[in-house]
Structures are given as structure tokens and as C-alpha cells.
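Note that chain A is present in both complexes that follow, paired respectively with chain B and with chain C.
This part shows the complex of A and B:
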């Protein structure tokens, strides 16, 4: 793994030239937090910000992967470059994972202008990989026009997608209409575009009407034009979906909403970086300090109370002291 | 953080079931590995493209008969052409001993016959990746 300075430089020029091997290696470095990850990210950052970031979420089996294959095919014909990241869950017991979304993307997986990467959640709860954002930035720097992320999609917990996407597509199926709770549970607010896939099955119209009425009561920024029926496996409704996506994105651009969203995403990113590299490490340092161990011993002997321990700890740490004083 | 082991499991060729491939995929997952499963009917080109984009450490190929011989060697050859022959290729299936020798000579790292305990495959991967 080329993690020394020379190796990273080579990798960066490879990424900027859209070299797939370089892109793949870079994502591995970021995904595994290998040495050089931070340098790598900083070196590509100025080349990012150009891709449309699209999240696709919805219950397992709704047809997300199939749908992604179809819209990718459509955009390929327009000469676009498409990066896809498909996330599947890690086993909480073994840490292993089976990543199977490629099975549904066979017609695009070998195309020159497509890059597909599968990632596991590795314990993250939001339906995404902990390093999804970094992986997206590599694809962005590699010149992808659209970056599509498929989330795990398990009920409420997949809402992290809004933290990394400009546009979120929520995929449902006709049967979901019977279970309104599924849709009510906070998930309506995260969608920009709603797809009723498997519209070859009974209940699609009912589901469409239901979605439209829920949009009216949930989100004043949306119109019911953003609801589309598709049969992804038969390539039906794809043109309509593309039109809705394009219109939505265009509206986002001309009204300045996109800039706002991109800035909000950057805020989240910077905050996460600070949290990971500063807060977490600070906490570990405190926990490993002699002072902490002494306090813990005293605590065990009931010689000190927990909040007094906190005050004592803060006496040796300026930032903690400032927080304690309410500054 | 230690890098997770990532494996691509594929079933090249036009015919067949992927039951064996799925059993292996699950065993590797249960051993803590991340397994990209690409399903049936993959050409050697498709397998190599996926292996490179996924940046896997190992490709596991499943065969139903010696007829898949040339597909295995094709994968190894394409990896070399792409400068990606640091990826280990292993195979499983009903492969006559003579063919096994040929394949190993061509660069397939190991072959596992039906009935091999999956633990052996796990061990092989763990000890042989860099």
C-alpha cells in the first residue's frame, strides 16, 4: 500500500486522471484509516465539489440497486461519468459482510465511465459506511458527474444519507402502503424524490396517492411532481424519474439551495473531523492518564464522588475547565 | 486500524448453480471478512474489473467441472495485464489433479476440492495475504 509521500503523490495524480486502480486504492486507504489518509484527502479536496451527490434509500429488496443500474445506463448515454457506492451491513457478531449489490448492476459494471465500490457499515448505525464521505470525495476528484450512494435501508436508521447527499431518492414498493407507520416514521422528511418501484404489482396507485398526500402534510418545499412510479426491472418510468431528478437539481441550483446544502454538508464533515481527531482522542488520553486511574481508585474506595472527580480532572485541563465554568 | 480482508467470490461461465460459491461466501463472512458477491455468469473480464474497483485481496472462483479451466487461467492472465497480480486467485470445484497442476503453474494460488472444510479456505487466505 503506497502510503509514503511519494506513494500518495502518485495516487493523487492517478485519481485526478480518473485511473480506476488509483481510485480503488485510495478508497481502501480511507476506508481502513491507513497511514496517509489525511494527507490524501487534503490533496484531492480542492478538486471536489463538482459532482451531484445522490443518495438512494428504502427498504431491502425495494429495487434500489436495480433502479441505480437503470438510471446509470440513462446518464451514460448522455456521456456522464457515474460513481456508485453500495453499502451493505456488517455482521455485528463477526464483523464480516456479504456485499451483493453488484449482482443487480451487471450491465453497467464493466462500462468505461462507471466505477462501482461496495462498502460495509462496519458498526455504523446510520445505514452508511463510516468512511462514505471520504470515498465520495475520491470519486468526486476523479471527475465523476454523478455519485450515487445506495444505503442499507433498514427502517428509521438510514437517515444519515441526508448528511452526505445533495439529492435523496426514497424508494418504496406498493405493499408498503399497507404499513403507513413505515412511511410516517420520520423518513418522509429526508426524501427529495419519491419512487414507487415495482409498480407492476397491485397497489401502486394507492401508494402514489398516499405518498403525495403525505408530502403535502410533511414538506412544504416539495411538490407532488416529485413522486414517480417505476418498474425498474423492466426499465419502465426511468425517463420520468430522470426528468424529475434533473428538474429538482436544476431548481436547487438556480435558487441557491444547492450551495446552501453543500455548505451544510461541509459543516457536518468538518465537525466530524474535529470530533474524530480531537474529541475522541482527548477522551482516550484522559482515560489513559494517571490522574484518571487515581481518581477511579478513589472512586472505588468511595473516597471521592463522581462529579468532584470531574472538577479535579478539569483543574489540569484548560478546555475541560472552561467547559465546566460554562464558557 | 487493521485492514479488513476483502474477497471477491465469483462463478465464471455460463451454466450452473452458485450454491457452492454462496457457502464459501458465507463462511468467509463468518470469519470476519468482507465478501463481494457478484453472482452467476461472470466473464473473466467482468471479474477482473470488479476485483480492481473493489480492491480485493483475494478472488475466489467456483467451478463445476474441468471445463472452467481456461476461465481460471484467463482471470490470472488479465490480472497480470492490469498489473494487479498482487491479488491472490483461489479456486474450488471438481478439478482433476492434472488440471490442478496446470492451474497452479499458471498462477492460481490454491485449489479446493468439494468437501474441503471451509475453515481450511479461511486459514489459507489468512496466512497467504500480504
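This part shows the complex of A and C:
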């Protein structure tokens, strides 16, 4: 970039100075694929890698937002800077309920060392939107010590949170025991730390025992200590949870597991760039060609088979030919 | 294919003869990407395109399964063959509830002209699994007159149902009014036919009026007639719903909108094949290269930027170079 017509240099300076408006503007640029997005990410990259990335997931109504609010307040008192990304499932049915959560979290959003942003779940290629990872990078470069991503665990894409977090907190409630037993192996793969929230309700101890027994039989990386009971609305169990989080992060650093996760995240990042180029350029060119339109007509009339159509397309397109040959 | 070592020819004969076991086996081959999957799809392709593809979506508890059971029984009496695909969201939290629905629908699964199959939501590339579309093709080739795909509308991937159906039925309940008003434009894009089920509950008329008013202001393709009240458990409103479905399908055929949807579906099919090759061959080769592993190490140490890493990769890989150049 010889000159900086888009003002990216200035924006990067703002981000590195933890300026809230600069951070917000940067995330908007990334979220909407505005000009300068790629340069922006490249420029902040070497300033990232310092924050602890924490995913919080669980069913609707488990009290995730309240729990995040309490953890955040705890860390604020320690002088930490906290970034929070609230991932809204792009669903027409649960929209209403989730809006309520967001409003509730606004009680901490006005604080100086907290940055909160709501983002939509899904990218053009499905799964957790790459923009969520990108926003985490901006928050990381902006000097956030902790970056919390909250997702509602109601679909596979939301559960992809494991791929972008150093530590995943799975929040559940005493009543969820039956559901969890049905699909226990899945749950155990997702979480590093398990919270039984609303633990003043009946069944909390039973749920705690269930989770611990599942840990014993399913995940050799975890111990009983990774299960915590909280009553987030009353601030009960928060100190204990913080300690578990700190211990988990420390152990991850010492054993090299953290580096492994960080590399997986970087791999995902590179592949998303490649996949985006492929979908938005290569495939769009194919789609807009007359040959493709003719082949679609033939397919609609069942005059040819799909693979014959692809073979014909590949004759005119070297990239496609190479891909279909498995190169 | 010179010989038929995998028995695909025999399987195709079975499918074309509406043999339930052949259909089940074919879907299993597709679902697990077993050898012969591509040949199988190509061989049945010219026998497809005859079934009406119906998507049924809506929030959990709206009574979708019961409604599908009643519609199915109606069509069975007309001598139709019905294929049903129940899409299970791949979620660890809602697993339990959905299992119950599936068991309920088994009351019709034993009937001769009904084929029911449960499938998982999600493909390797996110969104609605391509295997669901593939299974629809098998059912189509097997002579099903109607193919119903039921998804739970709790995530974007589930809502992708619009991309594979000729007609989408959105099932809701009287109480859902508030949620729907918040996100009305999304809802209107999804549905062709709107059902207020459990219409013996308070608020049914209000919900009906709300949906009709939203239709007027949001979607010029629809009219009041596309909103139907039912009490599926009592078989009320089913005849009316069937009439609306028939009318919608007929109008779609006459106006050419159906052909447009069918072509969009075929486009999706071709692009999925290409994307799968790309993800499973081209990208895997890059991932396994020593160069890539070295670059990941450098990225983890923040010694280079992501785009520099991609540029280095592209020097050794012509396909990647072409893609990054936007070819």
C-alpha cells in the first residue's frame, strides 16, 4: 500500500491505542467486507496473540449473559480489559428472546475497559462467521486481556466456538440432565469448564455428579475440578469459576496444548481467506458464464448428468479441471 | 464404469422399483460418502424431477410432525407415494426433544407407500447437508410423488430448506406473535404457505391477521389464501391446507417460478460437488505440505502476516495462485 487512501493506518493506530470507536469501526469494516478489510487484518496481525480467548455456550435460558457480566466485573476489578462478542443466531424464531439478553448485558458496556459487540452467526460459507474470528483479532490487537465470545448452543454452527477459543465454558442448568445424558459424548468434546448455573434450584448436585462422572469416562484432559456450581444472579461461585479458568489456561500454556489450539485457529484463518476467494471469484465466474447457463438448462431437462456437466465445464476452465482431478 | 463391482446397477434398479431397502441403502451410501456415491447419483439423475418437494419448518413444539402425519395420510388415500426426511439439528442441547418427535412419526413409517428417514443437519461445509438434497433425489427417482423435508427452524442452516423445496410450509402457533413481529421480513422470505397450528388456542385469529397483514406489506407473490389455520392433532384444516398446497404448486408451474427454483437447486448441486473436491483434495494437500506447517509455525510466532503466508504458499501451488488472483 503506497498511500493510505482508506485511512487504515490511522484506524490501526486507534485500535492499538484501545480506542473504542476505532475498534467498532474496524469490526464494521470486517463484518461488511468493506474496502481495506484485508489490509487491516494484516496490519494488526503481529499485535495479536496476547489475549485469552474464552467461548461461552449453552442452551437458551442457562444464564450465560449474567454469568459473563459477573466474570467481567471480577476481571475489571483486577484492572483487566475485556472484549465481549455476543453471537446472535441468525434465526427468525429466537430473535426476540436474544434481543432481551443483549439489552441486559448493556449494563457493563458503558464501562471504560469493556467493549461489547453483537454479531450474526453465519458466514457465506456456513458455520461460525469468519468475521467473528476477525473481530476477535481486532479486540486482541486493541489490548483486551480477555475476549469472551457468547454463543447460544442450539445449532452446530454455534458450537464451532470450540475452534476459536482457548477455553470453552459450557453453561447448563440443574434441569438439563436428561438432555445431556442422551448426547453426552458431544458435550464432553465441547467444554473445558462446565458450569451448573442456577445451582440454587433442585437437582444441582445431581447435575454436578452427572457431569463429573461423564468427565471421568469421556475426557482424559479434564478432572472433577473443571465442574463448577454457580448462582450467577447472586454472584455465587464466580470466584471459584475464575480460579478454574486461570488454572485451565495455565495448564494449557505449560503443556503446549494452547499452542496447538492457536495453530488450528490460524489454519482456519488462512483457509477461510482461500475459500472466500474461491467462492467469490472463481465460482462466481463459472456461474456467470454462458456455458454454465446452458448446462443448467440441459440439467433441468434431464438431458445430461451432473458429472457430465462438470466435465464439460472443466474443459473450458483449467482451475476447475485441476480441482476435479484432485490436484 | 466397465463392471459394477459395487452393485450400484442393482441398487438403482431397486430404487426405480420403489424398493424400500434399496432406497435406505442408497441414502446410507450417500450419507457416509461410501464408494459408488457419485455414480449412484449420476445414474438416478435422469429419473428425477417429478416429485413435489415440500419443506416444513417452524419453531420446536409447533406441531410439525403431527401436521406432516396428517398431510401424509391424506395423500396416501389419494394413492400417492410419500417420502419424508426428518432433519435433526446436530445440536447437543435439543437432541432429547427431537427424538420424541421422530418416534411419534413412526406411526406412518410402517405403511407401504411411505418412506421416512432421519438425517443430520450439517455438511462438512456448513449449512444444510448436501446429503439431504441427495437423499431427496433418491426418493424422487424411487417414484415418490411428494417429498417432505422437516427442519426445526432454530438456526440459519435449518432455514436453508428454502433452497431445496418447491413449496415451504412455515408452521407456527398462536402464541408466537411477538417473536414473529420482531423479525417479520425474514419469516416472509422463507414461507410460501403459513400454517397457524394449534388454532384452538387463544390468539389464533390475531396470529392469522398478523400473518396476512405481513404478507400484504412484504411479499407480492403471496395472498391471504396462503395463510391456513389448523388443529393438526384433531385433523382440522388439513383439507384446506392440501388445497392451498396444490394451488401454490400449480401456480408455480404455470408462471415458470418452479423452473427457476429447480435450476437454483441444480446450481447448488453442481457447486457442492466442486466445493467438496476443493475442500477434500486441494485444501487437504496444502494442509499436509511441509511448507504449510512451517508457515503455521511462523504465524504462531507472529513472524509473518497471513497474506504473506498465502503468497508464499501460492508460489508452490498453481491452483492456489490462480484462485488468489481471482481467476
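The rule we apply is simple: the second predicted complex is superposed on the first by the 269 of 327 C-alpha atoms of A that agree within 3 Å, B and C clash if a C-alpha of one lies under 4 Å from a C-alpha of the other, contacts with A are read in each partner's own complex, and residues count from 1 in each chain.
FYI, contacts are C-beta pairs under 8 Å (C-beta built on N, C-alpha and C of every residue); 3 or more make two chains touch, one makes a residue touch a chain.
Nothing here was measured: the structure is a model prediction, and the numbers come from that model.
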| item | value |
| --- | --- |
| First, second, both or neither for A:319, with chain B first and chain C second | second |
| Contacts of A:17 with chain B and chain C, given as first, second, both or neither | neither |
| Chain B versus chain C as contact partner of A:274, first or second or both or neither | second |
| Partner chain(s) touched by A:38 [first = chain B, second = chain C, both, neither] | second |
| Between chain B and chain C, more extensive residue contact with chain A | C |
| Shared contact residues on chain A - chain B and chain C | 90-91, 94-97, 99, 122 |
| Residues of chain B that touch chain A when the two form their complex | 1-4, 25-26, 28-39, 45-46, 49-50, 52-55, 82-84 |
| Residues of chain A defined as touching chain B within the complex | 1, 20-21, 23-25, 27-28, 32-34, 90-91, 94-100, 102-103, 106, 109-110, 115-118, 120, 122 |
| Residues of chain C defined as touching chain A within the complex | 38, 41-43, 45-46, 48-49, 58-59, 89-97, 99, 121-123, 125-127, 153-159, 176, 178-180, 182-183, 186-187, 190, 259, 262-263, 266-267, 269-271, 273-275, 277-279, 281-283, 285-287, 296-297, 299-300, 302, 305-310, 313, 318-320, 322-324, 326-327 |
